[in-house]
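There are two complexes below, and they share subunit A, which is joined by subunit B in the first and by subunit C in the second.
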Partner chain A sequence: MATSSKLTSSNRAGWLFALPGFGLMVVFIILPFFFAIALSFTNQRLISPNPTEFVGMANYKSLLGVGMITLEPERDASGDIIRDDSGAPTYPKLRNFTRKNPDYPKLDGMREWTSWQSGENRTYVLARDVVFMRAVLNTLIFVLVVAPVQGGLALGLALLINQRLRGINVYRAIYFMPVVVSIVVVSLLWRFIYDGNNGLLNNILSSLTFGAFSPIDWLGNPDTALGSIIGMSIWQAVGFHMVIWLSGLQTISPTLYEAAEIEGSSKWQTFRYVTWPGLRNTAVLVLIVITMQAFALFSQIDVMTSGGPLDSTQTIVFQAVERGYGKQDISGGSTISVILFVIVLSISLIQRWLTRERR
Partner chain B sequence: MKLFTLSAGAMALTAGMSGAAFAQTELTMWYHGAGNEVESQIINQIVSDFNASQSDWSVTLESFPQAAYNDSVTAGALAGNLPDILDVDGPNMPNWAWSGYMQPLQIDEAKIANFLPGTKGIWDGKLYSIGLWDAAVALVTRQSIIDELGLRTPTLEQPWTQDEFMAALDAAKASGKYDFALDLGTAWTGEWFPYAFSPLLQSFGGDIIDRSSYKSAEGALNGDAANAWGNWWQGLFANGYAQATQDGADRDTGFNTGKYAFSWNGNWAALGTLAAYDDALFLPAPDLGNGPKIGAASWQFGVSASSEHPDGASAFIEFALQDKYLAAFSNGIGLIPATPAAAAMTENYKEGGPLHGFFALSQAQGVLRPVTPGYVVQAKVFEKAAADIANGADVADTLDAAVDEIEADIEKNGGYGH
Partner chain C sequence: MALVSPDNRGLRLATRYAVLTIIALIFCFPLVFMIMSSLKPSEQLLLDTASLRAFLPIGDISLDNYSAAFKRAPVGLFVFNSMLVTGVTVVLSLLICSMTAFSIVFLNWRGRDLVLSIILATLIVPFETIAIPMLLLASKLPWIGLDGFTTGWLNTYRVQIVPFIADGLTIYLFVQYFKDLPHELIEASRVEGASWGQIYRRIVMPLAGPVLATAAILKFLAMYNQYLWPLMVVQQEQYRPVMVGLQYFFQLNIAWGEIMAYLSLITVPVLAFYLFLQRAFIASIASTGVKG
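What follows is the complex of A and B.
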């Protein structure tokens, strides 16, 4: 409380020093943020002679609209289900219902997102913007994998290099190096590593298995593309979080470790009851930072896959940029940004609540 | 943006200074060729020749790297800082004209009557831009490959039919001597897709958009012809004739090192192929049912809408249209000169020159990409559809989705002024 009264009372020099920073933040972060919210309710284009119009929730509806339809299998004249070569029943083409069908006005323009079998019938979940839905899903998968794995690996590395050994600084430097290199350069290099023909990864795997491994086009295959990007992203930023963990480790008082040793605690007990409680605040910080960074996934996608193949690596931010600048649809890009903001804010709040100090 | 205003300010400053010294009215010009030494030399030569040839105008040139050029123009337009003379990639011109960056040229149409059709940027019935060169795509192969596979050599009058083309790919695949029969250049994402592959769709009878109204893509991009194209296109990859994802290095050197039997590539890569093989052949596009087609239009010159001296800007562009400059660009960086007279002055495109075929291709088969401000978006939609189909997406659904996206965009833009 004392600090806040100090801030508001006569501290003109302090405010003066803060002014340039605050000013830049207002101009480049806070104003654009409110701009994005306002523009998401209009049809603003990047450049256009047409006037901007207020369109209400239309942008949100066209991004988030979903629908559902259950189709019965096709039957021949005698009422038997028509089956294809593999014996699966055939269904009428979805486009008969989603394209200019007056009986299903709500489904017009929607596409299949996913589907499942329920008895003889097949239920389809339709989305107005399947690409955006894929982007949201891919981003969530990315966050769910990267946050625990990257945080855990970084902690492991931090524990390894938090020792007084000769030459330990060399290892610290090596682990930290990928963080210093531009992500664009790293992505370009990993494109060569993941190359489908003569990539380093394929070569290593095939020599390890004495040629039994058949080369995979890591970035060209929808099944492996997102995983490849996840692996590379974890490797790239793990050093940054390692340093944060390391700073946390070094705030833990050595006397606690000495006491634990005297008590005869094992290595695991020392970690569980001394190190981990001491890292509590660091853990919250690392988790939230990784989550936010992971939601902003863009550069790797832009350099390595451009969202392909078959939308398997579309992400929310990539879609925002692609629409806002690539397709000159600033209102669409703004809408995606606002949706991303809501997602990240709610997840951060949930994380804060889950990791709160329990009394 | 900051940097931009700074450089624009510096330009205005130099403009004021030299204007006072020479009593010539200063004109500014932007060009996309920064980083290419030969190209810079030629354009600088034209500028200094023009400045010396008359006493009314003095042009100063600023070059940008190609990758940043379009963004710079957009930023310049938003900030109201465009130069007098711009260069513009052909298919983008209608978008810039419609958005109000450009104004029509004051050049007599008779002066450009013999220019290749792809070099003329016409929007809304007016000439907005004119190119000193064009580019063309050919099916590149070698005489020895044709002979070995026992194929007929197609000609401009009698190109391969779809069956002959597929038989050629089959023969190349069956020979087992090549990694893949056909190098389509899928490594080149971006404008290459609509430039190189939408003519194949047109050769089937489809198109990116219905060009009679430019308001709808229904039937053009998802009709029977387009679906036939999509199935054929998907088959090229599914049946192992070509790669849906290609390594960039394979695209650059693969054909020249014998990995592919055929390569779908532009004239700009032809000099390298000629250096690798002395029996290189540049064949016309196959006729896939609706006549053989290749993409047309490359970079062109135009005048910005904010220019206070459009007469001077047009005078410069007219000056640059001399055959000797057309020939210089062609000799320097391998482009197709815009006129037959200039072609005759070049080493490669003159009658009997090694690349003469490209000039004929451009003249006979060149089709402009859709001339509409919406092309910028349509190109991206088409690229995604072509890539998705190549990767195995359902053809009809993908094309339907592309149609929906294109039509939604046209509607959002109030019809793009058509």
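What follows is the complex of A and C.
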């Protein structure tokens, strides 16, 4: 950076040049960021006749509140377990514990999230906001699948494109093409591909299996909807990271490859001991960028499924928008934003720690 | 390699191209489908998805969907809005971000290092985490315009432009580029009595061609494809950009032919622009990575 000679030191000119850009960033990035934190402790709405009130941790409690309860099966007068028609034990209704039961004040208002059998008893995990829990879980699944798969495929494509072949630039241009197309447009097109009746994917699969494949409504089925969105998202963005890998590959000195060839190293060995170490910094960058992009998952959901079916594609940002904009509940939306930021920050810190230089 | 017979080499080469081509088809087919479908009546379009006909311009081919799309929605207005918002944001962003970076790299002033670290710290704040409080902010911000003093930025062009002028990535790109310019040049000009404004205008910016192209392309893509923000802040047709205008085609009976025409109309110009300048596009993405 500039030496601190008198020629270049000028407080007035320095601030004058920096202020427009820095000022805009303060107003439109830094201020809203601190607003989000402050608003998450209030009951602020977009438009409201009532004054805004401080509500403490109430927003966080209503989003993140979880509880657990283990219930014993119901028994008749003689102590035998009452079983239903299929022979499964019956349990008291959860409602008895979560609706104004003075013995269980913490569980008030919660709903069943998941449950499992433990011996005769059944353990229930309850959540105050089951949909939000679903959204967090879906987002984490999305990130955990997309980050390695998209990063890996992008690296594969970059290695493929890095060959010296006539016309290779044409292929590179085509692989990158979906990146310049809006994700909204892409999502709409893929609705045709995933369509249950006459979708392209079903037709391709059934002709490949000579009709043995029975059509699936990819986006209408809770088991396949999130996977379908993952597939499409990777298709759209993989070219972007291919280019980043490619620029990393081109920084590796050709003499290293020549040396490896002279030593008679196999293709795998060359990749393992020459290419991969040379890509370290690129790998960290790709991982962090994909993770951040993946956490922001919204447009695909909004265009393709609106969070359905059965909340199987709810995501954190979709929930934030549904509350903050849809229900005009700014404080609720802000709380979700803060939770998202904390998750993104912790994940990127963990990633940095895992990928740190080891001595 | 010398032991490999010519035939074998030819075969290997053919395999390589086959693999490359199959992958290329995977990346192409939805876009080919879009363009072909835009030429077909809705009923035929839906039937054709059952076969390879989906990718071919056969059957009842016409431009009817395009004229129908223009009748259904003010397509021209949406395109104009998107162009205006994107164009103005790109120009202002290049100017203001380059000035900030210029000041950070070439000038010495109190608070400079702190400002730079704050700017870099914003890179880990995804837009989605500030969108909701920004919605509240946008609904309350004041403005002095032709019609005097008003509050609230919702349903305007400025709400789509001003928040996106300055961003950490653009400033970072300029900072990285400026660092590599020879500082002696700037100091020599100072000795000769050039003002900072002159140095910015006459010396630094004329050398900044490559980074200007990079920053412009990245900003263009981000702005033209924006969805979440305009969805929240623009309800009036008058200010809607293309991606939000899509909603017009999902009212009552969904006419897929018209939707495909609209999608082609808003996508093909960008694709053409990309294919024309593809080296610059790819170089600009690559440059975000090299020094990261």
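Points to keep in mind about this one:
One rule holds in what follows: the second predicted complex is superposed on the first by the 336 of 359 C-alpha atoms of A that agree within 3 Å, B and C clash if a C-alpha of one lies under 4 Å from a C-alpha of the other, contacts with A are read in each partner's own complex, and residues count from 1 in each chain.
Keep this in mind: a contact is a pair of C-beta atoms (placed from the backbone, for glycine too) under 8 Å apart; a residue touches a chain by one contact, two chains touch by 3 or more.
Model, not experiment: these values are computed from the prediction.
Contact comparison for subunit A: of subunit B and subunit C, C touches the greater number of residues. Using the contact criterion defined above for the overlaid structures, shared-chain residue A:P49 touches subunit B, although it does not reach subunit C.
By the document's definition of touching, both partners, subunit B and subunit C, reach A:D195. In the overlay built on the shared chain, the residue A:V143 is in contact with neither subunit B nor subunit C. Within the superposed three-chain model, A:A260 lies out of touch with both subunit B and subunit C [touch as defined at top].
Of the two partner chains placed by the overlay, only subunit B lies in contact with A:G109; subunit C stays clear of it.
When the shared chain is aligned, no partner comes close enough to touch A:L287: not subunit B, not subunit C. Once the two complexes are overlaid on the shared chain, A:L155 sits clear of subunit B and of subunit C alike.
The residues of subunit A shared by its contacts with subunit B and with subunit C are 46-47, 195, 198. Residue ranges on subunit A touching subunit C, taken from their complex, read 1-5, 7-11, 13-18, 20-22, 24-25, 28-33, 35-36, 39, 44, 46-47, 157, 160, 163, 165, 168-169, 171-186, 188-190, 192-193, 195, 198-200, 203, 235, 239-240, 243-244, 246-248, 251, 281-282, 285-286, 292, 295-296, 298-299, 302, 317, 320-321, 323-325, 330, 333-334, 336-338, 340-341, 344-345, 348. Subunit C contributes residues 13, 16-17, 19-21, 23-24, 26-31, 33-34, 46-47, 49-51, 54, 96-97, 99-112, 115, 118-119, 122, 124-137, 139, 162-168, 171, 179, 183, 186-187, 190-191, 196, 200, 221, 224-225, 227-228, 231-232, 243, 246, 259, 263, 266-267, 270-271, 274-275, 278, 281-282, 285-290, 292 to its touches with subunit A in the complex. Put simply, subunit B touches subunit A in their complex at residues 74, 77-78, 98-100, 189, 244-245, 247, 250, 376-377, 380, 384, 387-388, 391-393, 396-397, 400-401, 404, 408-409, 412-414, 417. Contact residues on subunit A toward subunit B in their complex (touch as defined above): 43, 45-50, 62, 93-95, 99, 109, 111-112, 130, 195-198, 217, 219-220, 222, 306, 308-311, 322, 326-329.
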